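Worksheet: one structure, shown below.
The letters A, B, C and D name the chains in turn, as written, and every chain counts its residues from 1.
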């Protein structure tokens, strides 16, 4: 039996032998994250796939607007060794582009379409990446970019209910708030002997 | 006074004329074919009902003719189907390679049929049978496949060889070649062998289990206007031979199945008929080609006919005879409707078709009426025949046969509904937007068949009275049919009044119509505007459910359907191997070996003759 | 003195006869309201108690139905994203008339807690007419039942006219739909 | 003849009113079982009249024609059915097979109309309905074969009178196995759970009825009520000795329908292939055993 520590070591060994790793992060006992260069992604994913990480669980992107970068995250899983491996790679935020990993993991087809839709990343190599998937008839910048303002979009696109200026949810006949204030003041007056009002 | 001999000679002459005319012009030849068929049918209908045809022979030596009610019943049905189908010829012949010979062979096979049913001599029967088989064999490959003709011919020849051996046996044991007296005179073991041989011939023509393999292949691949003839008319030849064997041969008394009081042979035929019904039904449910589906349904209906004629009482016989008529009309109508669709769209595959009702409503109605009759639902002819067979089976208490006939009857709803739903109903495909209703000449037979389907179901007394004549001829008691078409079987065990059923049905529909018309008018929407769990579907193919229609049911038996086909395939392989062996022995390069074999065989043959 | 002779009632005009028939129809309609439950949001959780023995919707003659063709009420339970709104409009147009819409929760009223989302619309009655709103996040089951009773009252007093409004202001509704949604029915590879 | 037809129409109307009321009562009973108040007993009437008052959609002429043909066929079938052994519209012509096959006109009409709507759910529902029919009809007809063979008549009145004659038992007692098969087949005919596969509202959106609304659906409800009446009445007449007067009929009818409904309400739903294998296993075996015992050995209790 191998324990989880050995598993993590195994993964580290596999990945570091394959490509130069910029940063390693232990997310938890069963998850390891490797930050690598964009060009090494295909290689490391191939290595991982041949050493047992056969399932691509998820692929998405993170918008680091301060660094002006997108970070792509590939999450792969092994059914023999219970460790998730995250492979992270940063790409430019301006004209973002990343070669598709479709030949390695065919299941990435829809994740890449989703990432294109929500972040605007292009995936040459995936013939369908530009097709719409979730957002139907979207007409603005991709919505999960940090510079997108959902509230402005909502105000612009969806009519809001107009409430009159004197609209109030408070019932004018309901005096319970005033009464509570009064009660509090009276109690306070009693406690302090009327000195502090 | 029309003479049978003249009719046959006229048809033979007309066939050569049709050949010439068709060579000149397809349309002219086809119209001539229609006229010739019409003339023959008219003379048969005009003189035949009263047995008024002349049987004298002037020009054809060695031929003798005789008319019976039994033969006439078959010949009029088959000639009628031929007439109906001939209306289709002008519109289809253009597609076929040998159109001139098509018309010629069509008329020649009709001549063969008239001869076969009007003869009283075994050798002539055999001759005419061969004429029918050989002529039709060249008609079938003009359709989709040549193999269809091969398998049709193979099974037909197997049947006719069996019949020929049977005829020889009868002649050698009784010295008679007359059909009636020959079959009546034969007895003992010879009777059993002849019974089996004739039934093999009958089964092969009828396409009943286990000799059914050719049926879907030939029906499915035959030219579209010829499939109605195959199914509506030619398989009935098998029923005729079956009747000869089952009814005419005096059953041997010591082989009775006690509990149901039926001769063993007849009982076995009933069981085989039941297997045909079940097998045909299951295969039809599974089939994806509309014509093959109807072919399997013909097999299932052939099973009903076999069951009916093996029950040895007049109710069952009447049911069987009525079923022959009802099925001929219904099946011809259904095949012709499919043919009309195939002409318009070029396919009979159910998955490629849909929504034809919006383009071909009359064809749709014809098909609807036909399948109502096939499924045995009241206002149509099929109900009466099935009802008679049911009552006979119930009266006999044959439980296992009953399972089969009930299964086949309910199963027929399943399979006849499939082409209805897949071809005619459902989404209208944009490929077929240009399709139009069949031309008027093709609608004439459609209307006639529709009318006859209803007529046989509402007023059966005329036909049943004629069937009573046949029953009398065969030596059975007549069916109790009163003038107002009330059928009473087994002294009141079942009483049926078809006209009343139709009336009540009409009243019901009238009431429903009144309710419908009184209420608020509905808003008309397009076919694509359907409930799709609120999903947008713009492709009509995705909204048309016709492939693997009965998938959950098919899954239950799909593993067990192929063993019969496999058996015949391996048999065909063996035959091929033997043929190759012969080829190897005879056609070797060494001419001396070949000569040696030939001489040996000639000596052997001469020795056999000398013996 | 009143005449004993039978006098036929004064001849009603066609409009009056229609009105009488309509009132009779209203009696049947309000006593047999069938729901099409469009369970998009969290308010759908209030429906099981409303249907089962706690509140027993069936005693009012109400019950769930499988398809829009059979249903009388389109029950919108909760927030509507753009994607679901498209389907909701499509479903609403498939229903047989007279048809009513009941919206549960605060999201269909003003967007509720999703008022600033790029994917959730704010106000349902801009797109299809709503007969009864049941406010609350989420409304409790008594409120839901009360909403249905309100709808029955409205039908009785002939004020449940949302479906007529939709016909009358069809262009206005369509324009709102187009402004927010682009096209209502989407053509793409999943729908071909 | 006109009198007879009018009596027949009366019977069809009676069938509609009776079954609609009984169905409403049964909804109430089921409600009480589930600790609910349940709807009013006339709720079914309200539902039907509401549907008839709505404005529906139509998918072309076959969509309407099929409904008319179906309802017409069912009304026609009901007109033949005797209520008791004395009340029958067409004396002597109430042959058993009319009910089985004229009922099929209704099924065919509905199937045609449903498929004509162009909705695939409807076609799936039709497929399931026909498959279920293939399953339950065969065992049922084998039992009926036994009954007709024993009683020597296939007239529904005749079978009732045969059972009512002194010395003859009700067939449910005389043929106990057959009676059980008959009841299971009745559950299938009524489309009650566990054989409810072809309606399956949560699965295939109420199957054949998916595209109906308004008057077409209302007419189908009428059709459904009348066909339920025919099926339950068939069971009463075949197995429970029919009825000599109308009260006896009402009691037997109510008992049979309520029992079927109660059994239905404590069951789940079969898959469609399970329905077929179920019916061709035990009920068919029981039916054949019963037929062999009764016909060949003559052992009838």
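Just so it is clear, a contact is a pair of C-beta atoms (placed from the backbone, for glycine too) under 8 Å apart; a residue touches a chain by one contact, two chains touch by 3 or more.
This structure is a prediction, so every number in the text was calculated from the model and none was measured.
When every chain is represented by the mean of its C-alpha atoms, the one lying closest to the mean of all protein C-alpha atoms is D.
Chain C has its Cα centroid 38 Å from the Cα centroid of chain A.
Computed from the mean C-alpha positions, the centre of chain A lies at a distance of 58 Å from the centre of chain D. Spacing of chain B relative to chain C, judged by their CA centroids, is 58 angstrom. Rounded to whole angstrom, the centroid-to-centroid distance between chain A and chain B, based on C-alpha atoms, equals 70 Å. Multi-chain contact residues of chain A, defined as those touching 2 or more other chains: none present.
Under the contact definition stated at the top, the residues of chain D that touch 2 or more other chains are 53-57, 205, 210-211, 214. Among all residues of chain B, those that touch two or more other chains are 523, 529, 531.
Taken pairwise by the contact criterion, the protein chains fit none of the simple patterns, being neither a path, a ring, a star nor fully connected.
Applying the touch criterion to all chain pairs gives A-C, B-C, B-D, C-D.
Interface residues of chain C, counted against chain D in their complex, comprise 24-25, 28-29, 31-32, 52-53, 56, 58-61, 64-72, 94-98. Partner chain C is touched in their complex by these residues of chain D: 27, 31, 34-40, 43, 46-47, 49-50, 53-57, 201-202, 205-206, 209-214, 217.
Those residues of chain A lying in contact with chain C across their complex are 131-132, 134-137, 139-140, 143, 148, 150-151, 153-154, 157-161. Listed in rising order, the residues of chain B touching chain D in the complex are 259, 355, 357-358, 361, 364, 368, 372, 375-378, 383, 387, 390-391, 393-395, 397, 399-400, 402-403, 406-407, 410-411, 413-414, 417, 420-421, 425-428, 492-497, 500-501, 503-513, 515-516, 519-533, 540, 543-546, 549-550, 552-553, 555-556. Residues 523, 529, 531, 534-539, 542 of chain B are the ones that touch chain C when the two sit in their complex.
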